[in-house]
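The structure follows.
Order of writing sets the chain letters: A, B, C, D and E. Residues in each chain are counted from 1.
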Amino acid sequence: MAPALAWLTALMMVPCALVLALAFFRRGIYGGIEYTFTLENFGLVLDPLYAGIFLNSARIAGTATLIAVVIGYAAAYAIAAAPRRWQPVFLFFAVLPFWSNYLIRTYAWIVLLNREGLITQLLRWFGYTGEPPSMLYTEGAVIAGLVYNYLPFVILACYAPLSRLNPELAEASRDLGASAMTTFRRVILPLTVPGIAAGAVFVFVLSIGNFVTPALLGGGRFQMIGNLVYDQFLTANDWPFGAALAMALIAIMLLVLMAQALAADRAAGRIAEAKADG
Amino acid sequence: ADLVISNWDGYMAPDAMAAFKAATGVSGEVVVHATNEEIMGKLVASGGKGYDVVFVSSPFAEVLNKLGLIETIDHAKVPNLANLYPEAANLSHDVGNKFSVPYTWGTTGLCYRSDLVKTEPASWNDLLAPSDALKGKTTMLATDRWLLAAGQLAKGYSVNETDPAKLAEVKDLLISAKKTLLAYDDTTFYSKLVSGEALMVQAWDGWCNYGIAENPQIKYTIPKEGSDLWVDTMVVMKASANKDAAFQFINFMLDAKNHAWAAQNIDYKVPNKPAMESLPADFLAKFPNMAMPVAELVKFEQLRDVGDAQRDYSKIVSEIKAAQ
Amino acid sequence: MSEPRTLLAIDKVSKNFGRVTAVDGISLDIRENEFFALLGPSGCGKTTLLRMLAGFETPNGGRILLDGRDIAKIPPNKRPVNLMFQSYALFPHMSVRANVSYGLEMERLPANEIRSRVDAILATTELVAFADRKPEQLSGGQKQRVALARALVKRPRLLLLDEPLGALDKKLRGAMQLELKRLQHEVGITFVIVTHDQEESLVMADRMAVLRDGKLLQCDTPHAVYERPADRFVADFIGVMNFVPGKAAADGVLAANGARISGTVPAILSPGAAAVASVRPERIRLFPPPETANRVAGIVEALAYHGLDLQLHVRTALSQKPFLVRVTADAADRRPVTSGDAVELGWDAADVRIFAD
Amino acid sequence: MSEPRTLLAIDKVSKNFGRVTAVDGISLDIRENEFFALLGPSGCGKTTLLRMLAGFETPNGGRILLDGRDIAKIPPNKRPVNLMFQSYALFPHMSVRANVSYGLEMERLPANEIRSRVDAILATTELVAFADRKPEQLSGGQKQRVALARALVKRPRLLLLDEPLGALDKKLRGAMQLELKRLQHEVGITFVIVTHDQEESLVMADRMAVLRDGKLLQCDTPHAVYERPADRFVADFIGVMNFVPGKAAADGVLAANGARISGTVPAILSPGAAAVASVRPERIRLFPPPETANRVAGIVEALAYHGLDLQLHVRTALSQKPFLVRVTADAADRRPVTSGDAVELGWDAADVRIFAD
Amino acid sequence: MTSSPARIFGLRTTLVLVFAFLYIPIAVLVALSFNQGGLPTVWSGFSLKWYASLAGNAAILSAALNTLIVALVSTAIATLLGTLLAIGVEMRRQYGSGLEALIFAPMIIPDIVLAVALLSFFSMLDFTLGLHTIILAHVVFNLAFVCSVVRARLKSFDWSIVEASADLGASAVTTFRRVTLPVILPAVVAGALLAFTLSVDEFIIAFFTAGAGRASTTLPMQIYSMIRFGITPEINALATIVMAVSITALTLSQRLNRGVIGQ
């Protein structure tokens, strides 16, 4: 535990604190830092524009998270129910596509979805003659891209607690008269909330910071909040404002995450059930 | 130590470093960066340690200079500067090539499918307010300054305009244009033309050439309101430990033969008079924009660092991107 | 009393896990409203059998009929059967109350009925003070009571209890036993209970079955099993028994080391086959009357008072292990013996059963 | 016999979980090489106490001294103490053999010694056939035996067993009890055992402690606890007891409903205080001789034979609950009674203890 | 629990559908590696030329190797540290929210902030940049991801077996190695796969913390730098080869070592 905390302190806390502290200074005229204390950057953060972008990107990331969690959980469940020997194989195949490059995977989606793309061709081949459906450069395409790229992370996260769920608990539930569905909802699901929460956090944080997918599949029409920070640091060369935006983002997400962690912890209790491991 | 050069991948002749070594005995390696912004950020954060020569677009060179990160060009060590067009030694961002040496230059215009677009586009408004046939089949560059430039040019404003009222007009224009746009794209727009997904796109001339290479029906035009003059430059880092070799490298690149060879590899115009004059006819025929007269080119205004107005610029871009 | 109706018919049911045969062709009837105990050594297949009745294991062979209908296709949640798990299987994320009310919620009973039934069973199982705790905050016995409460509160037609009282102290166990009997009679629940506590099964059960290695050895009333065990194993397993090894002689006689012991022979023995005669310690008399059928001389090796009884270890020529003899303290008072004394033991032929060895 | 040495001194140890006080200022000495039993109702703190001895809970107060040294700072793996967990805590990923040999491997014993010791304990616990199975492939009792084998094979100085035999049938339990006693005497292990089986503790333990609500009520030999319980709770908890409610009168006398019962008063009672007189069922005589100190008339409500004994429920004016009376069958034979008969009960003052109520 | 045929059918269907979703774009990607033309999204005929040109592209190959090194090393370190951290946190459980924040932070700090911060920090300390600095940086976020996955598993972990191990004389290290780790191994493997996957694809942080030189150029850096002048199907060819090699390696290891992590 100590080495990990030391690592995080030395290579995250300290450096990030140094950079985030820039939020209290002024942007120099040429993009450097002018070391006069100011709170104006935080004032700028409060512009409704940024709140709007935050909400919109949170909505997109949230939708992607929801979908990814539903699909990913189902997949993890199916994997955990497969014979033990096959489980690692399935997990491996779930992540393998993602050892190729993000950019070319996204291009593959473009090939599928664009107006002259494979799906359109397929429709035409089946005799469809109308206007090709507009699938690319929509919010749907962005969400699909995010779901696609982060689905394996949900699968991995959900698999972790599902892999050793005590089967007797589900049996006890069935025995007490619960249907398979109710058993799932009231016993299996709550006990695997930690995995769902972890998976959801992964999709959400990775999505909200993503810029390749909104740019390529969304046609640049959508902007994630992470991208806004990126733009301040690099495009606008406005580190102080970037730092202020980042701090706001980090603060909001931390609050949400810790509230969620607390809730999940409470929901799942400490599942020290001997049979879960025995 | 070896010379370290940072460039976009594919933005030099593939054999450039080998030829440089053969010619000078100095070995070097090329590392790649994805965007101006990223290499800028990296140079700013690290003070540029480790890099000798970096390729960046002119506004970024300007900022690097203002931040004191780049070295003054020692003209004595770069005799081939003489090969540059006189206009290229007088670029507004760096009159007299004090801190940057232009490597390529060109325009930003409209790249389109001549076989599918009925009338040849003539104005930025043909892009910003397209005919019904083009609606949903146009793209614009996503990079903030060039995105705004299309609106600024259409409105007849400077591409470095800082008047908030005028910028607001530009913003409104671009927001309305967004509704007819297929996408903002500065990476795959030319393949969209090839596939027919898009019919007209805002493009850098050289990049349009990549489309032309795939499909000769693709054509490039500069709208009547004009273009910007973009310049990609080579700069030498102040932190460089091999400045002599760095100048030697720049000098090597400016050699007429080498620069011409680069142009033929990357399909971009180079500001090198003997080099341009040596380009083969078939190459010029294939890419008509290569032959654009320098005098016409330099009429256009360069993108410049806009100082504190940058905040307004980036906010406007955010507003456009956030608009529904 | 009317003819007892069969609630559950277990018909040649088998179950194996890979190469392990856990239940091996068991046939058994459970009657309506009876209290049925399953006994057998650890690993004999009791839990597996209960799990098949509840629907968690599919038999490899045989049928299970409830009210005459094959229940193979009925999923666990549709069976009017509840199982209390040997390992409790409490829902770790739910409070004690939530665990207990879960089963009633599944029946969509009105909230106030749920509440009152749960309150009642929590009171019975002395868990009221723990209603809001999570299972991890309970002691072993408290957990077991939650599992019991969770099963009882459902009042199913057939309740399967897998060692329900093992972790409870004697007092509480006594109270729970009373409660189970009350539920049997008042609510009309049929019980199948696995227990290692012989006294519990002898006292509580209407009938009991003894299993071994997945097979059914005997199924009868506790009294019958105790008094007339079907084979050597049952005789040894239930209660305490003295065995005299020997060979089967003429009908009802065992030729032991220089003696002939007569008794009942429940299963046919071919003459000369290895056999044992068995007799319970409390059926042996010290200094028996002369007419006693079987008798042997011995030396008292040890003796100890067990409450009212005197327990003697008497070495004889008949077996390697000393005879265990339990006589009442009164009887001992009448003719006191101490360690090292020569005594004579005797027992009636009616109290002897002779089994294959 | 030399003066017994104290191995482990528990000195005013307390433990609470949040607002729950699980162990409340217990002081207790465990002597070298003794067999010590912990008894008490479910939830009284037995497991918590053992867990503190093993080093898994830090007491909120008090000290634990092993050989006179405070062991607060010694981590569990350095204590010469082993705990068999009530919930077994078997390693799910290891075979039975691997589970059992784990502790010896930690001692870096030579492989062949490990092998032979593990083989021996597997044989003793009748687990040889299961040596290569994983815990999930075992029955409840088999798991318990693995846990037991895993603890026993270490032969620590102090072995803490939390209900080690609860899931075993009587035969196997008897064999295991013998094995534990053998280890105590041959290997010299000191045992602290939690059990709910009173007979087990009465027979096996050298001394025992009775806990209630985290407090120590009595610590003494089984015989002393049975015969001279320290208070009403212990009297009731251990064995079976009849209570007569009343008020404390003069020294050693309880004024009950119209009768005066004399007996021993272990703790001072202020005259007039609510009190109960207690007497064991087997100490009550039917139709007592005239010189008997305490006597009462009653009506037989029910009677049942329990092996050799006859157990009677006799209603009297002295208490609401009927008296439980156990007489030997012989005694009963001499003067037979049946349900509804009027009888007279009597018992000696020496057999009565009077407690605060 | 006994599985009804309907349940098995449902589970299988789920797997088939999910894997179809995951692999359809991959099929496109593989097909494009055989594309005659150089455009990333337009098909123009079959060719193996990109495989040939990949073989001659030292830059891409060395970047691929660097990526593999960074991903493997940072995954190894992050898996170890992240697992230990998860165990530490879950064992105590009464951790403060400060610790919680410290563990969540690497996941939510925007990449660019971490990138800029680390680069500034390394320059301040005059730390030489190289593959090792990328590894240091990747461990930061990988550690958080691994920790999350392992913690999700540990919430349902039976700690009494850890106590039992200590009780039987095992040191903390031995207990970890022989009891805790084997039991939570599926989650640790899941965490490691996740870390590896993130690291292989990470661009911005790697770019900022890389040294100036080919020796620390990773594949994403290489590929993103190609955007401006055309990402060629060489990359698709590379991805195809990576997947083919991985599948072969997996098949072999499955043969050799039947399901190590599946106990």
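Simple rule for what comes next: a contact is a pair of C-beta atoms (placed from the backbone, for glycine too) under 8 Å apart; a residue touches a chain by one contact, two chains touch by 3 or more.
Everything quoted here is computed from the prediction, not taken from an experiment.
Contact counts per chain pair peak at A-E. Set against the Cα centre of chain D, the chain with the most distant centre is B. Set against the C-alpha centre of chain C, every other chain centre is closer than that of B.
Note on chain placement: the centre of chain C and the centre of chain E lie 57 Å apart, centres being C-alpha means.
Here the CA centre of chain B is 36 Å from the CA centre of chain E. The distance from the centre of chain B to the centre of chain D, each centre being the mean of the chain's C-alpha atoms, comes to 90 Å.
Among all residues of chain C, those that touch two or more other chains are 55-56, 75, 87, 92.
Residues of chain B in contact with at least two other chains: 35, 38, 41, 187-188, 192, 195.
Chain E has residues 1, 40-41, 112, 116, 120, 156, 158, 160-161, 183, 203-204, 224, 227, 263 in contact with two or more other chains.
Within the complex formed with chain E, the chain A residues making contact are 1, 3-5, 7-9, 11-16, 18-20, 71, 74-75, 77-79, 81-82, 84-105, 107-112, 114, 118, 148, 151-153, 155-161, 163-167, 170-171, 174, 180, 191, 194-195, 197-198, 201-202, 205, 209, 226, 229-230, 233-234, 239, 242-243, 246, 249-250, 253-254, 257-258, 261, 265, 268, 270-278.
Those residues of chain E that touch chain D in the complex are listed here as 158, 160-161, 163-172, 174-175, 178-179, 182-183, 263. Listing the residues of chain C that touch chain A in their complex gives 54-56, 75-77, 81-83, 85, 87, 89-93, 102-103, 106-107, 134-136, 150, 154. Chain D meets chain C in the complex at residues 17, 20, 39-43, 46-47, 86-87, 137-142, 144-145, 162-163, 166-173, 196, 198, 236-237, 282, 307-309, 326, 328-331.
Put simply, chain B touches chain A in their complex at residues 35, 37-38, 40-41, 44, 63, 66-67, 136, 139, 142-144, 178, 181-185, 187-188, 192, 195-197, 305, 307-308, 310-311, 313-315, 317-319, 321-322.
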